[in-house]
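Letters A, B, C, D, E, F, G, H, I, J, K and L mark the chains in the order given here, with residues in each chain numbered from 1 onward.
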Amino acid sequence: MMRILILNGPNLNLLGTREPEIYGSETLADIDVYCLKIGKELGADMSSAQSNHEGELVDLIQKAIGECDGIIINAGAYTHTSVAIHDALRAFPGKVIELHISNPHQRESFRHKSFIAPLADAVILGLGTEGYELAIKAMIDSLKTI
Amino acid sequence: MMRILILNGPNLNLLGTREPEIYGSETLADIDVYCLKIGKELGADMSSAQSNHEGELVDLIQKAIGECDGIIINAGAYTHTSVAIHDALRAFPGKVIELHISNPHQRESFRHKSFIAPLADAVILGLGTEGYELAIKAMIDSLKTI
Amino acid sequence: MMRILILNGPNLNLLGTREPEIYGSETLADIDVYCLKIGKELGADMSSAQSNHEGELVDLIQKAIGECDGIIINAGAYTHTSVAIHDALRAFPGKVIELHISNPHQRESFRHKSFIAPLADAVILGLGTEGYELAIKAMIDSLKTI
Amino acid sequence: MMRILILNGPNLNLLGTREPEIYGSETLADIDVYCLKIGKELGADMSSAQSNHEGELVDLIQKAIGECDGIIINAGAYTHTSVAIHDALRAFPGKVIELHISNPHQRESFRHKSFIAPLADAVILGLGTEGYELAIKAMIDSLKTI
Amino acid sequence: MMRILILNGPNLNLLGTREPEIYGSETLADIDVYCLKIGKELGADMSSAQSNHEGELVDLIQKAIGECDGIIINAGAYTHTSVAIHDALRAFPGKVIELHISNPHQRESFRHKSFIAPLADAVILGLGTEGYELAIKAMIDSLKTI
Amino acid sequence: MMRILILNGPNLNLLGTREPEIYGSETLADIDVYCLKIGKELGADMSSAQSNHEGELVDLIQKAIGECDGIIINAGAYTHTSVAIHDALRAFPGKVIELHISNPHQRESFRHKSFIAPLADAVILGLGTEGYELAIKAMIDSLKTI
Amino acid sequence: MMRILILNGPNLNLLGTREPEIYGSETLADIDVYCLKIGKELGADMSSAQSNHEGELVDLIQKAIGECDGIIINAGAYTHTSVAIHDALRAFPGKVIELHISNPHQRESFRHKSFIAPLADAVILGLGTEGYELAIKAMIDSLKTI
Amino acid sequence: MMRILILNGPNLNLLGTREPEIYGSETLADIDVYCLKIGKELGADMSSAQSNHEGELVDLIQKAIGECDGIIINAGAYTHTSVAIHDALRAFPGKVIELHISNPHQRESFRHKSFIAPLADAVILGLGTEGYELAIKAMIDSLKTI
Amino acid sequence: MMRILILNGPNLNLLGTREPEIYGSETLADIDVYCLKIGKELGADMSSAQSNHEGELVDLIQKAIGECDGIIINAGAYTHTSVAIHDALRAFPGKVIELHISNPHQRESFRHKSFIAPLADAVILGLGTEGYELAIKAMIDSLKTI
Amino acid sequence: MMRILILNGPNLNLLGTREPEIYGSETLADIDVYCLKIGKELGADMSSAQSNHEGELVDLIQKAIGECDGIIINAGAYTHTSVAIHDALRAFPGKVIELHISNPHQRESFRHKSFIAPLADAVILGLGTEGYELAIKAMIDSLKTI
Amino acid sequence: MMRILILNGPNLNLLGTREPEIYGSETLADIDVYCLKIGKELGADMSSAQSNHEGELVDLIQKAIGECDGIIINAGAYTHTSVAIHDALRAFPGKVIELHISNPHQRESFRHKSFIAPLADAVILGLGTEGYELAIKAMIDSLKTI
Amino acid sequence: MMRILILNGPNLNLLGTREPEIYGSETLADIDVYCLKIGKELGADMSSAQSNHEGELVDLIQKAIGECDGIIINAGAYTHTSVAIHDALRAFPGKVIELHISNPHQRESFRHKSFIAPLADAVILGLGTEGYELAIKAMIDSLKTI
């Protein structure tokens, strides 16, 4: 049974509570429940975590080594600044999908650089909270073909 | 009934015939058939086109104005250089999804810049030829919510 | 009798049909008729062409060698990217006026660079579709003084 | 009755006295007389001023607030360096046309940057001293359409 | 009653214990007591926190949403590197004042960039520990005028 | 008795007459009166000046040598371009506080660079016209501690 | 029998008709005849094509896959801008020689960058139209050693 | 008796478990034991710590003030991004040696910049896990000469 | 009889009154007297002027056209920012020597760029106030050889 | 009789002894013999030299003034760094051909810049040691046409 | 028996004679004697050389091919500019350790770039003249493990 | 008796033999004789040297330590590239004057950077071969004032 970790970075715990016109009205808890359900239906063992701490995200990725087959990561602001998360993902032997709810290329130029992308097998941007569903399906398809 | 155009740029007509270990063994014709089938099942009216010519891609996007509700575009090399395609997409009132079969962020730095991304509602990178299926589903979901 | 070519680049065929609040409600056909009339009154032999294809614009400039005394060029998006058009204009022995309907310096920074300007005798920006009239008059004045 | 200010920046008082092969043999006084005449014919109330002082140009623009409907400005060298003139023009509620006698894009690269252009409704470059006539006509046309 | 959070970033807990000739001899505890007193006199409900952890500063800003009307933030070194704190402040609906004890523009060039400044209503630099008093007064004045 | 000069740069004489929603409705004269009053109450000998001329600001700073103990300077647009004012301030032996009514870091990137800041003891940004009051108080406090 | 394609890009059809002091008086037709003759003598099957269209050059390179053993390409202006031609050459399994009649390093800096060079086995610059003869000989030598 | 702190940053807890061909097969625990032994033999009081958290590394450096005479720091990924650790080391009055197991100059260019190096008395790169032994000896030698 | 203008820019009127250890104790008046004497001895008609105003320096250079054979200019801070003075010097038909009392290459990097140097026949840096004497001699020698 | 100098720069004396799969198995002595023979057959007086010393290469180029009609130079690493060799070639009145055995554009980016190219009549890259033969022939052809 | 070459670059022959407070009072001769002794004790055959000439350093590295097992190189100023030494080291099949007596990252920014580092197995900076001892030990350890 | 060394760099031995319209017709030998004579008259002990070798220039500067009181250096092309000469001059305790016969700021941009200038007490550019005379006089004046 495939094991998939959904990892959300800084400020994503605010989802659904602020600027719903941009980020939608679903909370991170809604998304977690939703992902769990989708994963279950598709036969995957889902887990999820969120942290505002760069170091904690590193810890979580390290912990996923040997425990998970794939990580779907929305590293939020750390996407653009964190070499530490980059290095942790480099040590992770499974599949990695980078995800952003909105499309960072439509925002400030400092959001156009991603330290996650060079280590991601795939990248999904701007599909809103529904991007998580697609990422799970893509991850499962991708893991099947190994 | 939703109308979706799949637009492929330069050198994508070579798909399946070269470097299958990178781009898979499916040809562009296979993908077109496949997309047609998926679209049909989901109730969308699909069309597709490929061109190695920047100007022809501009023509095709212009023609899609009023005829299509969404464009899924893999602009290939023109992604990184074409302001003309950027402008044509700006004139297109429907939804736009940018797609790349591989993840350009793992290639040369001149492929990290996209003139399509600032105009794309969503971006899907590195999911192989299966990315087309996800893009169609995402496009249909997205058009439904308007 | 002076011969003047009006050359319009990519997406200018959409004039009058989209974003009239920015680009005015005149179509490119209207402008062509209008330019013809003005040129006629001022004793010039007018011709005009539009293309979304960089190569076609190169072809048209080459064809103008020996056939036209001046080119008024609105190269649209190719203004910012085309060394090929730059080279074709370099081979053109007549007068060149660069024209843009809106003022590119008020738009994205990638529109601040022009490959046409170093080869243009004059540049007219932001005068709307009326800029064509002024450009024709300026071209005729300029050709008279040779 | 429209009121239009012609504002000339540093070293333009030397016009006609130096390098006539580049800048023509008309002096600034000639141009002022010429502009006055054209404006009068077209029903506009013309005034003009020249200064080598950045601060005086700022003063003159401020003074034009409420007194003039449009400014035609050839800011000379300050075009490329003056944020102060930029700010004064930002405070001016009327129309602004930027003008240069020669085409700065054919000169040193430090002349390719303009602090005036982002605030100018239109830009006219390289039409020689005849550019002033076209600028006046364009200004009047533009003011009529408000 | 206005609620104001004083938030201090990395290494500010060392205040008063090192390099007193630069940073003064007041400790962070002294400043906290002092701020509390000033706030009280001016009728504001003060709280304060310090952390060396970027993620904890994000947590604290998030916690202030709904609990505080304004944040006075001296983000220390994270000022120059943290997009995560930038995003947290963007989500905070109250007033934000950025504060630094010394003037970063007199130090290394990597301290001239601030990710806090674009989100700060006001910025106070180089007033020493007395800057906190001015920031509190400015915050209270600013909140009164809403 | 402390002597403090309030020095305002280009276009600040327009304060209160344009864009009051951004810069407030107080005129520079109002601010001068207000500063005089505050200074008087706090026992300082106040003077003030405004100029649109870079050279005049240099003159005024030079004149303040030996006549003033501190300068509060809002150099407006010259903040970003003037090495001459930078050099004059370097020759001034008293205290210097840089002030801006709005926060330049929320405006165009050419306003993020300050030639004043490296020579300013303190910097106050974005506090509106009330920033002048805080600057006077901070200046007086700072002069007392010498 | 080796098959070699000579591919010429934009504006090279003007060879011999303009600026003969720089580019010589030989026309492209002369060169084609000349290359054919040389190739024949050396036992190679020669073909040649010229286009002003980036897309057509891509088409021609793709067509050469399986039909030609080597391409000698003078991509003209597209040398400096075309990722699409770069990608087509990447897909071409034979030998590639980049050729320019003049030496681009003696011209504008935007001609110093080549998107062809990283994919070219060899580069020949500045040998005039005689460079084609040397390129053919070098290509044949090179193909023999495979 | 000299007190030396060995401080390891993000992902160094994975040492010996991943990519042993690059980083060797020794675990961080092995290194800690080894360092303790060497330090003991040389008469130094050794301690060590590892963290994936930037803030925790700041905390640990602050704690070392007054408790340790020297710090040997392998800041891992934070080497290239952390101004906060830079500032903490600046506050540390003892000796600092920067250490990396591999040579970052043979990796991506973003690893060529070090925020630690300007504050390090010495730097040791690429000596593998044996670098720790040399760093301890060098630290002890260096502390003796004070 | 040769006529030479000594032109000094902003803040040079402070010479001798501030930082004598750097700039010497001679005042600008001393230098003027000294230059007059040297020029007289060498048979030159000397004049001198100083201004803190960029525009006034432009005025003075313009006035020197036809009145002076050479200008020795120490443009102070405007050296690094003034295109207007650059343009005025370009219009001046005589000899130009750029002079600085100290060596700007030993100061901040924004002083390494000179807009005067490309128009100066010679440049003399760092010879203190004695540089004026050498510049006069060099100017006279240079004028003799015309 | 034409006199041609073959000049080889640093590390080219190692040819044939190291990395033969890249640089071929021919030694520099082999190449010298080979060039001598080819030159002789074509009626040219050949000489050759190699040095690892930048200054010696300058000496050799200077010595060639008046003694040689053309220089074929493979400046090795000095290609990318030597202004001194650039200046020596500028003083050389004969023809210059730049040659590299491999194609530097396929190597590190610091090898993409050439100080030789702007002074070379022609450039030949990537043709292996056979490039020397082509260069000699091209040099002789070129010298004949003078 | 291992053979190790100590190679010192420009100005290192001045060691001990100038600025002893920075570089120590040991002369290069002292260091050579010292290194010889250490190497002897550890069973290595030591040689050393110093040159102010880039080309001579290239010669010496080339000579070490086949004669030495490792090079410890302090290339001094050539570290930051020499591609020729870089290329020579690339041809050297043994181990390479880069060494600097002081830490270049604490000096001017042009010293932060090293052309040696990408080819060095290890780098030792800032350990003073004692760094040579550590480098020899590290070299010997490293050669033993091959 | 003051001892002054005149040091000339690469290609300056060609003076007077090439491009006399730019560099004059005096040879380096003429200049040496001339400098000797001037120095003698002014009571200085003159020596001079020229080399095309960077390392030799370093040797000569080192030799001047203790033997000369001042160096007048025209480092030619090494001005723009040599950190080694920079370092040698840093070790030289006497006065240094940088000299160039023409004004490098009127040539290519790579000649605008000088590694000599930050270590030169004075800089003299563009005074032709007469600059040597002025430099000797300035050097002697400067040495007298120590």
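Everything that follows uses one rule, which is that a residue touches a chain if its C-beta (ideal position, glycine included) is under 8 Å from a C-beta of that chain, and two chains touch if they have at least 3 such contacts.
Quick caveat: nothing in here was measured; it's all calculated off a predicted structure.
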Treat touching chains as neighbours: how many steps, at the fewest, connect chain A to chain L?
3
Kindly list the shared contact partners of chain B and chain G, in label order.
C
In whole angstrom, what separates the CA-based centres of chain F and chain J?
63
Distance from chain C to chain B - Cα centre to Cα centre, in angstrom:
32
Using mean C-alpha positions as chain centres, tell me how far chain A is from chain D in Å, no decimals.
55
Can you list every residue of chain I that touches 2 or more other chains, as numbers and ranges?
53-56, 81
Which pairs of chains touch each other?
A-B, A-E, A-H, B-C, B-G, C-D, C-G, D-F, D-I, E-F, E-H, F-I, G-J, H-K, I-L, J-K, J-L, K-L
Okay, in this complex, where on chain F does chain I touch?
53-56, 58-59, 62, 65, 81-84, 86-88, 91
Which bits of chain J are touching chain K when the two form their complex?
9-11, 13-14, 18-19, 51-56, 76-78, 80-81, 110-111
Which stretch or stretches of chain B touch chain A in the complex?
103, 105-106, 114, 117-118, 120-127, 130-131, 134, 137-138, 141-142
